[in-house]
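Look at the two complexes coming up: subunit A is in both, with subunit B in one and subunit C in the other.
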Partner chain A sequence: MHFASYSFILYILVLVPLYYLIPKKLQWMLLLVASYVFYSFAGAGYLTYILVSTISTWFAAIKIDKLKQVQEDYLNRMKKELSRAERKEYREGIKAKQRTWMLLCLILNFGILAFLKYAGHFQFGARLGLILPLGMSFYTFQSMGYLIDIYRGTYDAERNLGKLALFISFFPQLVQGPISRFNQLKETLFAQHSYDAQQMTYGMQRILWGFFKKLVVADRLLPAVKTIVTNPGEYQGAFVLVGMFFYAIQLYADFTGGIDIAIGVARLFGVHLNENFNRPYFSKSITEYWRRWHITLGAWFRDYMFYPISVSKTMMSITRKARKYLGDAVGKRVPIYIASIIVWFTTGVWHGSTWNFVVWGLLNCLVILVSQECEPLYERFHNKFDLKGRFWYRLFQVGRTFWLMSFLRTLDVYTGVGTTFRMYASVFTVWNLPELFQGGLMQLGLTIADYVVLIFAVGLMLFVSLKSRAGSISMSLNAKPMPVRYAAYFLVFIAVLVFGAYGVGYDASQFIYSQF
Partner chain B sequence: MIKTLFRIVSIVLSVFILIFLQNLLKPKYMTSIHEGNLVEEYYKSSKDHDVIFIGDCEVFSNVSPITLWEKYGITSYIRGSAQQLVWQSYYLFEETLKYEKPDVVVFNVLAMKYGEPQNEAYNRLTLDGMKMSMSKIGAIKASMTEDENMITYFFPILRYHSRWSELTWEDFRYLFKKDKVSHNGYLMRVDTKPVKVVPEGRKLPSYEFGEKAWHYLEKMTQLAKDNNIELMLIKSPSIYPYWYDEWDEQIKQFAEENGLTYINFLPLAEEMGIDYSKDTYDGGLHMNLSGAEKFTAYLGEILKEKYALEDRRNDEKLAAEWQGKIAFYEWMKEHQQMELQKYGYLKSYGAAAQTIE
Partner chain C sequence: METIIEILQELHPDVDFENCETLIDDKILDSFDIISLVTDLSEEFDITIPVEEIIPENFNSVRAIKKLVEKLIEEE
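Then we have the complex of A and B:
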């Protein structure tokens, strides 16, 4: 039951009224049951994995929390008897125990994730039919983020197993995020909600817009992207650029569409999910792009990997040595380089189990580090020519970032690293631009009518993005007179209904990010 | 107050626009694939039929209710569509009983060879035309292929939305009213394409009919019994698709066990005067008008004798009604012959229909 299916819409239509009809104290329980039912549609066997993840996280978090309590009680009780050194020693002992529980749980959960992600590449995995359960990458990161927060003492552990199970399995975010933090999500997830027309309107707006992006844009582009990337021998040169461009739009529409639906559905239940995008294609550098694309994953890696690695004891020791042998200027950068490489390598691996993703992650890292190293150079250049504030220069920066990211992202879609690099090379060696306009574009599985729809739909997406720079588009729409508002909703609805690429004759396509 | 009024007007207007769009986008089947209209046309006809034919193209192409009326005074209607599966025939039979109670129901058994749902496009030709009822829901449930979704039958815009880029003048012209294409469910074709090769059936891994096909044939038999209707099983004299002796034996046995009449008309072609070099329009799959009239004349005699059906030609009201039908029949016959002479093929009657089984 994926988001863009009749059964999902029906599921929501049944759940929402039920949610507001039952006693409020039971609302979170309904969401828990609904989440497990939703997940069981992907395969009843997958429930075992999410249950293992939930129970192990709950158990380890409680253990860690209890150790904290034990420590507090003991230190309070023994305030006078213990010296500072003894207190420190005691604390370290407790911390070590907490760390053991955390590591055991991390190893178990990331171990299962890694095993299932890679098992399919080995004979035994293929023989056993082992595949990565839907959404596992997302819920594992979410639950492990929670565990690390408990270890750090950011907040107290959730004692109620059911509530933690709901946090991990909450169905709108289960398939492709956003990756939530427990202390933020719990405020609305476990709260008692009364029907709120404004929330409902907002939720439905987001859902409708999500469907528009997914069905009218992403799925309509799917055949063209598929044609280009599955026939690398035939489609080279300018076609590779077209493929990059189309895939950039498809992925954006698909992923942000899915997130819009997730946020919108959650809002129907009064639950607030974090935003995952902030107009990433308007970024002027790759570093900025990664702050604005898949925000919650980026934040996860930053908070739970990059910073801890950067300030770890090992890294401190490496830094000291690096400063000694390489000098202060280079030495101080070493921990950042190492942490960045590890984080980007992991990001690549998280996205997929093939070499393409590893190379993709490391290339991103390389571009970011090189950009950082070149920063003084840019600074001098900007100071000399005073271009920074000019519109056309900003446009150039946005275009440069867009194409650079599109180049890197191409590694997602071709079957191997070698093929991808051959296709990169073909952009510079195969000169076939006129072919595109001599019927080439019409061979990609799209008709003139499809291109017309795409131009209008992408234009609308661009318009909405530009408008939302000034503030929430939803709020400005709500401020409009009712007929204008209603006409806007109805037109988008009709556009999805009529121009959406769904049903017989179209590939039923799962959301791209749900495969990661 | 104004807000409420606006909301009501908006909802009504939205529903109206959606219905309009749905009707616009639904295929009209007026210039090709006329089969898509057959099921729907039944609701516009008067509901007083002695005989109801149910089945696939072997009834809607091979049986002419006009001939039955003209020769025997028997009123009949064909509730058949392209590749109409046994369960679809069952539900159409069940639905027909809500409108009328015929004396005889004649079921053509060719569809017994299909034991599972086959093809979405064919499903649509039969099911889209049915009025919403429990019978329709049953038919949809029994017919859907894996990729189909029931909701698309309730809201056909979900199925036909992508036709926006294929709309033609036909979609606008027949938006509110469609022309009649059949003669009480009979789809006329006067052109000829002779049989060149008499087929040899290729060997099948199994000759057993599917469980689902048997189940619905049994249900059909029970439904007829419960309503005191005579059920007759026939195999129409089309020589394609091949009708195996093994299949014939199974139907014979079923008919015997259930006290039904079963006639395989294939071996009787010569006796009926059917000449496969003249009486088919697509090399043996379907009868043309000449073949259909010969077959119907022969079948009518059996119906009259076996089921003692009354000759109703003296009923003035009925006669007047059928006179109109005959006039339309004769007009189409002439029109088709004229087109045949003028263009060498039936321009307005869907050459594509030849590919529909």
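Then we have the complex of A and C:
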């Protein structure tokens, strides 16, 4: 059941009234059943995988938690008998046992994920028809984040299997995130909710806006991007730039649209999901961009991979040696460089199992590390020419980051690394800008009407983005008189109906991120 | 306290570390800074900073960092 389908809308229309009519203490159970029903629509066979993940995580987390309890009891009981060194030794022994449980569970879950993600590339996988279950990357990351938090003692393990199952399978976020943290999500996910008109309005605003971005913009641009990237022999030079530009808008509209719908649907049930984007295309550097795009995934990699690798005992001893033999300046960079390369390699592999994504991940890492090294140089340059805070210079930085990211992102869509780099080269060697306006733009599968709709729709997205800098756009809309408010809803609604890229029998294209 | 400020000032000379309480929340220190800081603190005070202590609350101000260092020295 796709977010942008009539059956999904119908599903929500049945669930929401039911949710507020049943006894409040049953509400989370309804969400659990609804999530499993939703998931079984994607494929009944998928349920086995999510159940294995849920039960193994639940079991390992409780084991780890119990060991913590045993340790506390023992140390309290033996307070006087044990020396400081003995206490430390005991604690280390318990930690080792906890680590074993955590590692077993991590290996099982990431093992299944990696196996299914890459098995299709090998003959046996293709023969067995092994495919990656929908949303598996997202729920695996979410459940493993929970497990690591329990190991770290950030919060206590959830004893109720049903509640943990809901946390892992909550249907609005199952397909493409955002990736939630248990201690944050549980506050609203398991709470008892009364009908709240304000939450309802907010939820519906977000859903409507999500549909607008997905159906009016993303799906409309899809054929043009496809035409350009599947015919690299024909579309070079300026067309590559057009492809990059269209793909930047398409991916943004598709992914943020999907997240808007997820956040909106969750809100209809009173559940608060974390934001996943903070106007990323206004970033002034790539580092900033990655703090504002797919925020929950970035935070996951930072907290559960980047930090643990860079402060691990092995890394610290490598750093000490590097400092001794290579000097402070080099030694200090060692953990950052090694951890960044590992994290970006993994991020690349997570996005896809082809070389394109590996190169994409490592290029991102390269740009981030180079700009980190150039930071003092930039600083001197900015101070010398008094550029800091100047509007036109900020605009230049935003434009530079946008295009740099658009170049890198192109690796997502061409079929090979070689082709992508040939297309990069063609931007500088094939001078065919006039061709675009001599009918070129009309061959991409978009009509004049499509371009007009796109200009207005993207303009509206830009307007909303700029407007939301000052604060919540939803709140400022709510403060407007009722006729204005309803006129705005009505216009967007009609736009989705009339300009949404679908007709009778049209099946909206799958969300791009659901395949990761 | 002075040593911690010195280490921080090496990372960002232009920040008033003594009075800032939102080093993480206001994104003054990013993840690269945190790793540099953790490496320096471990070296300077001969402590191990476990990954579970790398949370915003422990790095938002010099005072918080100092408290963390003292706690870890105590535990060593």
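Methods note: the second predicted complex is superposed on the first by the 510 of 516 C-alpha atoms of A that agree within 3 Å, B and C clash if a C-alpha of one lies under 4 Å from a C-alpha of the other, contacts with A are read in each partner's own complex, and residues count from 1 in each chain.
Methods note: contacts are C-beta pairs under 8 Å (C-beta built on N, C-alpha and C of every residue); 3 or more make two chains touch, one makes a residue touch a chain.
Everything numeric here is computed off the predicted structure, so don't read it as measured data.
Visitor: Touching A:R320, do we find subunit B (first), subunit C (second), both, or neither?
Guide: second
Visitor: Return first, second, both or neither, reflecting whether A:T287 touches subunit B, subunit C, both chains, or no partner chain.
Guide: Only subunit C is touched by A:T287; subunit B is not.
Visitor: Just to be sure I read the superposition right, which of the two partners does A:G43 touch: subunit B = first, subunit C = second, or both, or neither?
Guide: neither
Visitor: Touch check for A:G399: first (subunit B), second (subunit C), both, or neither?
Guide: A:G399: touches no partner chain.
Visitor: Answer with first, second, both or neither: which of subunit B and subunit C does A:R152 touch in the superposed model?
Guide: second
Visitor: Please indicate which partner A:Q372 is in contact with in the superposed arrangement: first for subunit B, second for subunit C, both, or neither.
Guide: After superposing on A, A:Q372 lies in contact with subunit C but is clear of subunit B.
Visitor: Given the touch rule stated above, what does A:Y6 touch, subunit B (first), subunit C (second), both, or neither?
Guide: first
Visitor: What residues on subunit A does subunit C touch that subunit B touches too?
Guide: none
Visitor: Using the touch rule from the top, collect the residues of subunit A that touch subunit B in their complex.
Guide: 6, 10, 447, 449-450, 482-483, 486, 490, 494, 497-506, 508
Visitor: Which residues of subunit A touch subunit C in their complex?
Guide: So the residues of subunit A in touch with subunit C come to 152-154, 287, 291, 302-303, 306-308, 310-313, 316, 319-320, 323, 332, 335-336, 339, 372.
Visitor: Taking the complex as given, what residues does subunit B use to touch subunit A?
Guide: 3, 6, 10, 14, 17-18, 21, 25, 120, 147-149, 151-152, 157-159, 161-162, 164-165
Visitor: If we count contacts the way the header does, which residues on subunit C are in touch with subunit A in the complex?
Guide: 27, 30-32, 34-36, 38-40, 42-43, 48-52, 54
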